[in-house]
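Structures given as structure tokens follow.
Same chain, two partners: chain A is paired with chain B first, then with chain C.
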Partner chain A sequence: MVTIPFALQLLNLCAALLLLLSFAMLAQRRIVNLVKLLALQGAVLLAATLLLAWRTGQHHLYLSAALTLALKVVLLPWILHRLIRRLEVYWDTEPLLNISGTMLVGVLVVVFAFGLAQPISALASTATRSSIGIAVAVMLLSFVTMITRRKAMSQVVGFLSMENGLFFGAMSATYGMPMVVEFGVALDVLVAVLVLGIFFFQIREQFDSLDLHHLESLKESHSLEEDG
Partner chain B sequence: MKPIEIVTQVLEVIAALAAAPLFLGWINQCRAWLQNRSAPSLWLPYRGIHKLFHKDAVIAEHASPLFRVAPYIVFGAMVVAAGIIPSMGTRLLFTNAADAIALVGLLATARVFLSLAAMDIGTAFGTLGARREMMVGFLAEPALLMVIFVASLISATTALPAITESLATQQLGLYPSLAFTAIAFTMVLLAENARIPIDNPATHLELTMIHEAMLLEYSARHLALMEWAAALKLFNYACIGFALFAPWGVSTGASGPGALLASIPLLAAKLALAGGALALIETVSAKLRVFRAPEFLAIAFLFAVLGLLVHLLLGA
Partner chain C sequence: MEFLLLLASPLAGALLLGVFGARRWAPELNVAVSFATFLAACALTARVVGEGNLLVAREQFFIDPFNVFLVTLTAFVGLTTSLFSRPYMRVELEHGRVSAPRLRLYHSMYQLFMTTMLIALTTNNMGLLWVAMEAATLSTVLLVTLYRTAASLEAGWKYFILCGVGIAQALFGTILVYLAAEKILGAEGVSALLWTHLNAVKEQLEPAVLSLAFVFLLVGYGTKVGLAPLHNWLPDAHAEGPTPISAVLSGLLLNVAIYAVVRCKVLVEGSLQSQLPSRMLMGFGLLSVVLAAFFLWRQRDVKRLFAYSSIEHMGIITFAFGMGGPVANFAALLHMTVHSLTKSAIFFAVGHAAQKAGSQLMENIRGLITLSPTIGWGLMMGSLAILGMPPFGVFASEFLILTTAMREQWWATPILLTALGVAFAAIFGRVQPMVFGETTARRLPHPPALLPVFAHLGIVLVLGLYIPPYLAHWYRAAARLIGGE
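Entry: the complex of A and B
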């Protein structure tokens, strides 16, 4: 086997853990645990950013690590936990596909993502280019999470996890995005969660449930009259 | 054929035969301690086997010869499997005869004969146990194969002793792929050996039992062989786990007889640790519904596939 430096081994470990956490999210039925997993994903991302900043000496990465800590590990999970308590949604309904089926789809998605990332990895010149595939996989897996869930809450968690994947991808392809973009994205995500939080209340007021399939029927008079 | 190969081979098979019931007794003792019960004797499995060998066998009226032969086949398969797995040294006579995939096949042969014998009598319980066993088996086998594939990809060979040798002599490092496959392997071990999340080894009076349901019609020496074979299977699985994930201290390559001797207490220590860990897992987890077993094994398979993907992409 080829020997690689220890810091890179740790980075690979972080990448593998991110992938594992994405699968754990795919399998998780409880929304509270889903948010915990999201916070954990943020923490792993934080560790990866710090490691990369220390190894490459790119100082702006420390800043984005601080941003990750403040936003993805502390603030967003806190907001989501509060929302869960206020809305009293602890469980998602049965996902559209059963767990084993979703897992198999997930594995196919990962294989697809690795194939997709191969040419990008070949072009990149960073030491972490092999993790690009994992970043793409994390994004697509979050996408699958969003598709297979019915509750608005789990879809938002999927959306945030997708942003984590995007961040990790940028980090491994080019050692992070420009600071302006990073701040912009961070702000976007924060605002999105706040706005979606308001949406949750509106959706619940309208339908007495956070199940999104109520949104699919457009005849509002009919649905409002009969579903109460 | 060097003398050290013969010595290692014979030593390994004898050690497996002798220590397998002890390993089972040790797990039972650990479980009892963890559950605040007074522990049974460490030698209880030996006494059980000894007692059964001295009884007269009772066989159902309509049993076919298959029913009589099955215990010997199952026991034989387990003994041969013990000969393939490098638990103490990697220089084995059987190395060229059978690789890791053949080992999985050998375990499958034992399973098929056990299930056929259970169906042979035609009792409801036997058939039910056999069907469940096959369900667990067909889900656990791909996961086990995938685990072995990851290890063989890392060491570029499917021969188990060669895998152990290359893993034991390589530089220490972090291998997420091996960590994932180790988790997958532990889950397969629990499922295949009728341990607690899938089956309860402590009872044969449950409607949800799997392994015990297949042995209900056996008595005396046949039952003794079956129980010994089950203990050997657990021992073998533990040794496969050591060979893949904790290969340190196994006597390899050019080392002399001293290393082989030194590997014996080390194997005992590893077994003691593994037994304790197994008892702990069994104590903290609850038995799953039978219909949840596919999900459990799908997750094991997923872990193994993740290990494979991580290895292929990251080379780690």
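Entry: the complex of A and C
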């Protein structure tokens, strides 16, 4: 039997934790906890990056880890927490699909993700290629989170968690993208969250709520109803 | 040097206007910056025509006939839109729809948007392309919500989330390409993400991974192109933002997104040696054309009407690129040019018309021709041009696309013709009463800028009658670059 090196076992543990956290997000309805889960996801990503950097000796991964620490573990959760307090949105309304139903969909999504990742893992030569399936699963699960939630804030957490999944995917498949690109992506994510912050205040000012069912007037059928 | 100026002038403009954007002379500064960008683009074009392809900044940026023509087009429409926006935004200010601080945001973001589009067009790095496309979305989100109405906030949110999710797919696609490429080009440096390097080795890239990557890239950038069924954000964002933004979104951003899709297609097709990318482009293209043509009938808002028309034309262009071959590529490039010019001209005319009527609903806009013949005729000519009436340039490109389709994809011709006919009836039937008949319009405090409208339509007319040989040569070079078997 082939023994897997200890560091790699730890990495696989990180991957499993990421998947677990994605499922936890799927089930969580308190928005504050959702943000905490996101921060935790960032922390696991950080641990995985550091482990990989140490094992492979790729120095640019340390930079990437620093970026993850600054942005995903500290800055973004902090901004989101502030927004939650200022806007006083603590709970999401009942999701479109109930929790157990969402979980079942989640399981199917994971199976699909592993199928999708098969050819990619076959090509990748990294030691971590078995985690690519998990990265794709995290991405798709975040997507499910976005679809089933009503509150703008939960959708944003889903969006950021999708970004985490992408980063993990890039890391396990290729030991990270070139630094220029990672910086650019990180910058875009940061700006996106800031723009969203401004945006939330505008929505709040206009509707007195961050519930997205207010945002459903621009539909094609609507213009027809007015005709009649 | 020209290249540096091309990117530096809008960026400097964004910073300057971020400080002075609320001043009375800010619109003039905006025009001046756009003019500088346009001059730089012209100089760059002259150089590329003279010396051939350029690689700048340690191969991070490159300019070839394909993107230099889009750079010039982008800079030109950016300039004319800034001319149009000068009186338009002043009227909005006086009507109390925007405040002075929001004008600062508007001007600054306008220039930032231009910067990101120019970076996306000229970059050699697939990763930077992604970053620039995302930045282009972010810089326009706050412009779409500039009026802070309920509808505009909804449009902005939809735009942000749909394009955000879409573009995340594109990032995954980019990662996959990088994965396939680093096998051959090595992980050192960034050469595994540079188009020029990728293109050289595209036959050796792993086909299974690249075809998967192409699906993600097409869905990602296709969302920004507004391809059905990923088009939901487009009509809302066009209708609810200020009209200059509708003009640049429709005339420029969609082009840049198509550019990204085509670059990916060239790469993947070279690796796959199969028809898969072409088929996918043709399928998405046809679906968009048909869906948009029928949605045109349900519109009551004039800007939504023309937004759906943009989806239709993006579908035609995507279909043409999907067919491939020198003639179809040539026609698609020509169509990109004339659509961009015509559609922005229409939005200029529509913007002034909506201000005069005090409403964007088509039933409230009546008899433009009595109060201001130039706007009325501008809208009429623009609509005829976009509907593909000869002698305008859109006719020439659509004719080329249709004849190529008859030869190579005969089954698609009836579908295309039906959709074009449906679109014709829908748009013409609605524009006609807006232009002629009893008037409801009022006078505006600032005279509208109509030079851009007629400048654009003039160029489209000339392109329909006669394409100068150097321009034709240039289009052919670009079409060859995209690959014609």
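The definition used in the following text is that the second predicted complex is superposed on the first by the 216 of 228 C-alpha atoms of A that agree within 3 Å, B and C clash if a C-alpha of one lies under 4 Å from a C-alpha of the other, contacts with A are read in each partner's own complex, and residues count from 1 in each chain.
In the analysis below, contacts are C-beta pairs under 8 Å (C-beta built on N, C-alpha and C of every residue); 3 or more make two chains touch, one makes a residue touch a chain.
Fair warning: this is a prediction, and the values are worked out from it, not measured in the lab.
Q: Looking only at contacts as defined up top, I'd like to know whether chain B or chain C touches more of chain A.
A: Comparing chain B with chain C, the partner touching more chain A residues is C.
Q: I'd like to know which partner A:V191 touches here: chain B for first, chain C for second, both or neither.
A: second
Q: Touching A:V181, do we find chain B (first), chain C (second), both, or neither?
A: In the superposed model, A:V181 contacts chain C only, not chain B.
Q: Applying the touch criterion given at the start, work out whether A:S131 contacts chain B, chain C, both or neither, answering first, second, both or neither.
A: The answer is first: A:S131 touches chain B but not chain C.
Q: Which chain A residues come up in both lists, the one for chain B and the one for chain C?
A: Comparing the two interfaces on chain A, one with chain B and one with chain C, no residues are shared.
Q: Enumerate the contact residues on chain A facing chain C in the complex.
A: Counting only chain A, the residues touching chain C are 116, 119-120, 122-125, 139, 143, 146, 152, 155, 159, 162-163, 166, 169-170, 173-175, 177-178, 180-181, 184-185, 187-188, 191-192, 195-196, 198-199, 202-203, 205-207, 212, 214-218, 220, 223-224, 226-227.
Q: Would you mind writing out the residues of chain C in touch with chain A in their complex?
A: 60, 125, 127-128, 130-131, 134-135, 138, 141-142, 145, 148-151, 153-158, 160-161, 164-165, 168, 171-172, 174-176, 178-180, 182-183, 187, 189-190, 192-193, 206, 208-209, 212, 236, 240, 295, 298-301
Q: Which residues, counting only chain A, touch chain B once they are in their complex?
A: That would be residues 1-4, 6, 9-10, 12-13, 15-17, 19-20, 23, 27, 99-100, 103-104, 106-107, 110-111, 114, 130-131, 133-134 of chain A.
Q: Touching chain A in the complex: which residues of chain B?
A: Residues 154, 170-171, 173-174, 176-177, 179-180, 294-295, 298-299, 302, 305-306, 309-310, 312-316.
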